[in-house]
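Got a structure for you, questions after.
Chain naming follows the written order as A, B, C, D and E, and within any one chain the residues start at number 1.
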Amino acid sequence: MTLNDLITILPLAFLAAWGVLLLLVDLWIPANRKGLTAILAAGGLAVTLGLTLARGQHSLEAFNGMVSVDGFAVFLDVIFLGSGLAGIALAYDYLKRTHIERGEYYSLLLFTVAGMMLMTYANDLVIVFLALELLSLPLYVMAGFARLQLLSEEAALKYFLMGAFSSTFVLYGVALIFGATARTDLPGVVAAVQGGTANPVFFLVGAAMLLVGFGFKSAVMPFHMWAPDVYQGSPSSVTAFMTVGAKAAGFAALLRVFVVAFQSISADMTPILWALAALTMFGGNILAIAQSNIKRMLAYASIAQSGYMLMAFVPYGQGAVLKDTIAAMLFFLVTYSLATLGAWAVVIALEKEENKDLEIADYAGLGRKYPWLGAAMTVFMLSFTGMPLTLGFWGKFYLFSTAVEGGFTGLALVGLLTSLISAYYYLRVVVYMFMKPGEPTLTQDPWIQLTALVSAFLVVALSLFPGPLLDYASAALMLLR
Amino acid sequence: MVLNPILLMTFFPLVGAAVILFFKSEQKSAIRWTALITSLVTFGLSLWVLAAYGRQDVGIHRLWFRIAGLPIHFHMAVDGLNILMVLLTTFLTPLAVLSTWKAVEERVKGFMIFFLLLEVGMLGVFLALDLVLFYIFWEFTLIPMYFLIGLWGGERRIYAAVKFFLFTMAGSVIMLLAILYLGWNAKTFDLPALLAARDSFAAAQIPLFAAFALAFAIKVPMWPLHTWLPDAHVEAPTAGSVILAGVLLKMGAYGFLRFNLLLFPQASLQLAPWMAGLAVIGILYGAAVAYTQKDVKKLVAYSSVSHLGFVMLGIFALNAEGLSGAILQMVNHGLSTGALFLMVGFLYERRHTRLMESFGGLWKSVPVLAALALIVSLSSMGLPGLNGFVGEFTILTGAFGSAALGSPWFAGLSTLGVILAAVYLLHMMEKVFLGPITHAENRSLPDLSPRELAVILPLLVVIFWIGLYPKPFFGLIEPGVAQILAAVQSAALALH
Amino acid sequence: MIEHYLPLFVILGLAVFVGVLVVVLGTIFGPKRPTERKSSPYESGMVPYGPGRRRMSVRYYLVAVLFILFDIEVIFVLPWAVTFRDLGMPGLWLMIVFLLVLEVAYVYAWKKGALEWE
Amino acid sequence: MKSLFIILFMTAGFAYVTLLERRVLARMQVRIGPNRAGPFGLLQPVADGVKLIFKEELIPAYADKFVFVLAPVLTVIPALIITAVVPWGPQVMLFGRPVPLYLVDLNIGVLYIVAVTSISVYGIALAGWSSNNKYATMGGLRATAQMISYELALGLAMLAPVMMAGSMSMVDVVESQRTLPFIVLQPVAFLIYFMSSLAEINRAPFDMPEAEQELTAGYHTEYSGMKFALFFMAEYIKMIAVAMIGSTLFLGGYAWPLPPEWLGGFAGPINLLAKVLVWLFVIIWLRATLPRIRYDRLMFYGWKVLFPVALVNIVITAVVIVLVGG
Amino acid sequence: MPLGYYLALSAVMFVIGIVGVLVRRNALIVFMSLELMFNAANLLFVTFAAYYGTIIGQISVFFVMTVAAAEVAVGLALMVAIFRTKHSIDVDQMSSLKG
């Protein structure tokens, strides 16, 4: 390890160190002043964000090429750090209100973000695995953070079992690829494949296992079965963070590994990806219709969103489309994150103790009583649907556009038709909020409402001028060799 | 750029909506007046656009941003195809706003904001000349309309609103796919550039045509995709129905003119008989079903299906008479059906029912209303001297002589529709206004108030104007029609 | 490589043999006259009360979990202990950083009372 | 061949350590102890064994039969094999051939010991659990917790000689002590090793799992006959093993104080055995002297004293060695 | 021994693990199956490391062991927590969340 290595990963190193320190510092913060921990954690994230933005999009390698920090990583890191900040803002009041406030929450959150960042840096399959675990393990604990609540504990255990299950697939895949190429660093793997020294069978099976593992992580059908339970059972502030962060990290891994190392087998992968994408879009949306619990509905909705992202990924093997594939997925992640965090903010604002007020029917009258929050939620729902004048429109537009560019018009058609299905259940929330009578009560917490309103504002405002963001996403290229 | 009349007109309602946002919900009359003044100013601005029409620099055309390297332009311009639509929109909006004075009492603020947003969307749809921009406006109109129906509608408003939303969206998602396909093949979404690059997607004309046609046909609505319409109309508040019938439906027909015919002339020629066939079925079916309705509003709604069948027939006659007749008929339908809905709304405000059997003999109690309703009905039937006649006659002339249709039978059958229209409209007139007063409540109904007269009279003026002197309107349409004809003729040459 | 371990397998086999042999001897020669009292759990002569496998203090789990974690850390120290001469100062620093992180967990566990008994 | 020897040595050793203990304890408590069977009671272990063979073996109802039988076997195996890597001497000439006096010289010898130590926990935990007896369960749990708690300190303490020698091979460790046993340079590590090894084999004053007053006989409450003998055996064999390993790691093993090449190479084993005997004596002595410590103190001591001290010791050792350049 | 034996053993371990996870209902057994799968991967790493004569595989195993230990810690803690609330770790009984 040289000093240069350390400087290259400075944001990550800082965040990890901060998380560790926070764990210690928190021990001496009295129980009734855990808000201080939250502020410290947010400060750490903010500094990391600053460090990340300050370094720009140029590419650097460190630790003998085991990590590479490039525009792709920086772009995703900004999303992760932003969602981390939002995660803290959402948790700040929620944890107090539900009596599960403990300082570890914030340390765990920082560790998770550190894992996500490492995932974006990873240029070695072993690092990918480590990052995956680093981000998952704290999340398992966070999912069960509402201790003594059966729902939360079950969610945590399910998440843990399925998460560990998927990790073993990733690991076995890595081992097989190592076996096929004698290397674990992505460039080395590529070199071995190009040099013809790789064992094609091991390589293909390994890649498939990685796909399964990442599929689990980002809740792609048919590897999604944990997601609804976990999203529903976890404390909402965790779910909000998880639906954004963990999913994005799963896709980050998918992108990095497949784009860099698995170009050569894209012909084999494309039909599989096609089927997975179609299945996820279709299944996620269909199942979401039947839900009456808002957390569960959002869970299935988020599964469906994975399908859309996967759709743009199908043509990853086409050199001409690749740039758009990456940019489209990155851009969509921004749109998805904003709307998701915002929607969860509304859910959290409405949620009462003991999982009350989480049925969609509980949203009746929200739009009349709290028009701003209702409007914000409407914006998020429309953004998920992909209606114009929300950022979600451009996000889906770009994804569909990429699919069409790659020649997968049929898949794009599936995606569009399922969007139509999704409109039905998204609209139902709007229907309840505005068109049914009801008297919901809201927790008046400034941070939660700020998160909702800022997200809504960004979703609309950025949709009018998406140019800079799109350019930023297009410029966020991976260090490819 | 700010002083660009098109831009100013399109987005001026936003200013009004923003102002309304600052009022308290209780300040109803302030909100109403702001909305009315805004829409009137918008109408004034549209007259400025009319004055500027024909000048080159009147449009706005600049790069918005690039997505995946494909440029998306902010391209709006006024031409022969959309000038009348724009005028119709800005003309109907203040009238519709005025009609809500008494009808909408709850949540006036939200209503007016949505109404003004809707106007922005509609103007945008007509003026946008970039496919993506067009799509944005097209989809955007759904949202305010959805809320207008869902929040201020009748009993089954939620069902109607969702059905409206999903039906329309179903068409448009497929259109989006076609737009993306076009974009990747021609490397642009800008309409003039696409027209120049027509060859790049010549191979896929028919599926592309179908994709666009589906979206537009649902909106028009063409038979058999019309089922959302009666629900939406019946449940929508009066002003909503007026705008829905008057403007929103025209967006579909306009889409056919602007995109299907211009982008895919060959496919249009090949598929013209099929489309016209559907149109004829729509004419007859709409008329037949209208006759059986007991609810006046539903009757008017089905009459829309029938009338828009004429518009479609005219469009797919693909000759000068058919096209200009269709465009004019779009305006006519907006005027007369809009007026009919207003009449129904007036009745509903008085009696809170729309069933024909609850009325009867109203001529005696509300003579002015009855007389005006008669005029409007006659206009809708196509009585010579009124606007409907001019439009329908031109369309039928075009359809008789159409080379694209290749058979006079389309026109022949459609004539039947004219007769049927007379039957069901007169049937309604008789049931509602003539005969003895059967219900006691109907004896002492108030006649039209000055405000209501102010709503209805401008419409009548234009109805008579078009009926008696349509030439200026045809003049405005002509360049657009010529453009389409040129495209169709070159396609016809290429086909043979 | 594998030959190197052969004696280990031999001694393992022998050890297993001895263990099994002893058990078998006892089974063969020992008398068997079980009675109900004899085969009930021993509770100082009292009648057994409650189930034998009751829930036990969570402390035991804590100890187990802590052990696993720290044991793994020891595993990392082991190879370093052999080679730290060659690694020199950089290696030493890395190990100190590593141990510091480990100590944070240790301090945390201490402060949280995981090391207290009862 | 050598394997057989080691096993025999260990089992025989076990037998006489029991005798030794009883005699020494008796002496310390001013008693005589068993002295009837054979000269000085030297046949006492044989008598014990014969008696145990013919004792009735009970398997409690509700016990998990298979595990119940498996547990004692599982306990004794690690005890028997752990000393496999301990060298007795460099080599001797036997029947005209040079024979190295060690079973195997693993390059990971210390790791092997640590690993086998961990395994021995299983037998005890399973024995406690399978008996379906409150005392046994409790005793098993306590034993397990105690063993794993001290295992950390034990492992870290064993690292110190490894660092000094720069190798995990036991032979290398011994060879590098030819001039000076590591106990001189690593007194702290030695102490830690000594104490935690006592805890590891559940000997006084760390014999909490078998605290008669609280737990009857701990995890082997329900065992009788030869199965009980196995536990008994394991415990005493472990004593020998601990002494052998400790002597090897800290006291110079076979290589000190006599040069091991003396006496045709047999000075090595003599060196080692002498130290083992002393060590065993100390262990027994401790049992006779020290009272049992309270369980919470026991855990506290392991986690909060031995472990951090061992860790600091490691770091200091490393720093010193790196700075001095040893 | 030829490479194939190790690979086969690893594959068998992995498959047994999968089956265990999918079939067994006791969370603890599921958990042990997971460990088996981890170790199957470890075996693979070591095998290939020996085969190619590179140390990468063995280093990877170290990392995997650490991660597995951390997983054990988290998993056990979760199981203890849920057992204390519910007195059961049967996965099938975890039906508070229905889909």
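Simple rule for what comes next: a contact is a pair of C-beta atoms (placed from the backbone, for glycine too) under 8 Å apart; a residue touches a chain by one contact, two chains touch by 3 or more.
Nothing here was measured: the structure is a model prediction, and the numbers come from that model.
Common neighbours of chain C and chain D, by the contact definition above: there are none. Fewest steps needed to get from chain B to chain C, stepping only to touching chains, is 2. Most remote from chain B, judged by the distance between CA-atom centroids, is D. Among the inter-chain contacts, the highest number of C-beta pairs connects C-D.
The chain occupying the central position, as judged from C-alpha centroids, is A.
Spacing of chain B relative to chain D, judged by their CA centroids, is 95 angstrom.
The geometric centre of chain C is 19 Å away from that of chain E, both derived from CA atoms. With centres defined as mean CA coordinates, chain E is found 65 Å away from chain B. Inter-chain spacing, taken between the CA centroids of chain A and chain D, is 53 Å. For chain E, residues that reach two or more other chains under the stated contact definition are 70, 77.
Residues of chain D in contact with at least two other chains: none. Applying the touch criterion to all chain pairs gives A-B, A-C, A-E, C-D, C-E. Chain A makes touch with chain E in their complex at residues 126, 129-130, 133, 137, 140-141, 144, 147-148, 150-151, 153-158, 160-161, 164-165, 167-168, 171-172, 174-176, 178-179, 182-184, 225, 228-229, 232-233, 287, 296. Chain E meets chain A in the complex at residues 7, 14, 17, 21, 27, 30-31, 34, 37-38, 40-42, 44-45, 47-48, 51-52, 54, 56-57, 59-60, 63-64, 67, 70-71, 74-75, 77-79, 81-82, 85-86, 89, 91, 94, 96-97, 99.
Across the interface of their complex, chain C is touched by residues 1, 62, 65-66, 69-70, 72-73, 76-77, 80, 83-84 of chain E.
Within the complex formed with chain D, the chain C residues making contact are 4-5, 7-8, 10-12, 14-16, 18-20, 22-23, 25-27, 29-34, 36, 38-44, 50, 52-54, 56, 59-60, 63-64, 66-67, 70-71, 74, 77-78, 81-82, 84-85, 88-89, 92, 95-96, 99, 103, 106, 110, 115-118. Put simply, chain D touches chain C in their complex at residues 2-4, 6-7, 11, 52-62, 69, 72-74, 76-77, 80-81, 84, 103-104, 106, 110-111, 114, 118, 129, 131-138, 141, 144-145, 148-149, 151-152, 155-156, 159, 162-163, 166-168, 216, 221-222, 225-227, 229-230, 233, 295-296, 299-300, 303-304, 307-308, 311, 314-315, 318-319, 321-322, 326.
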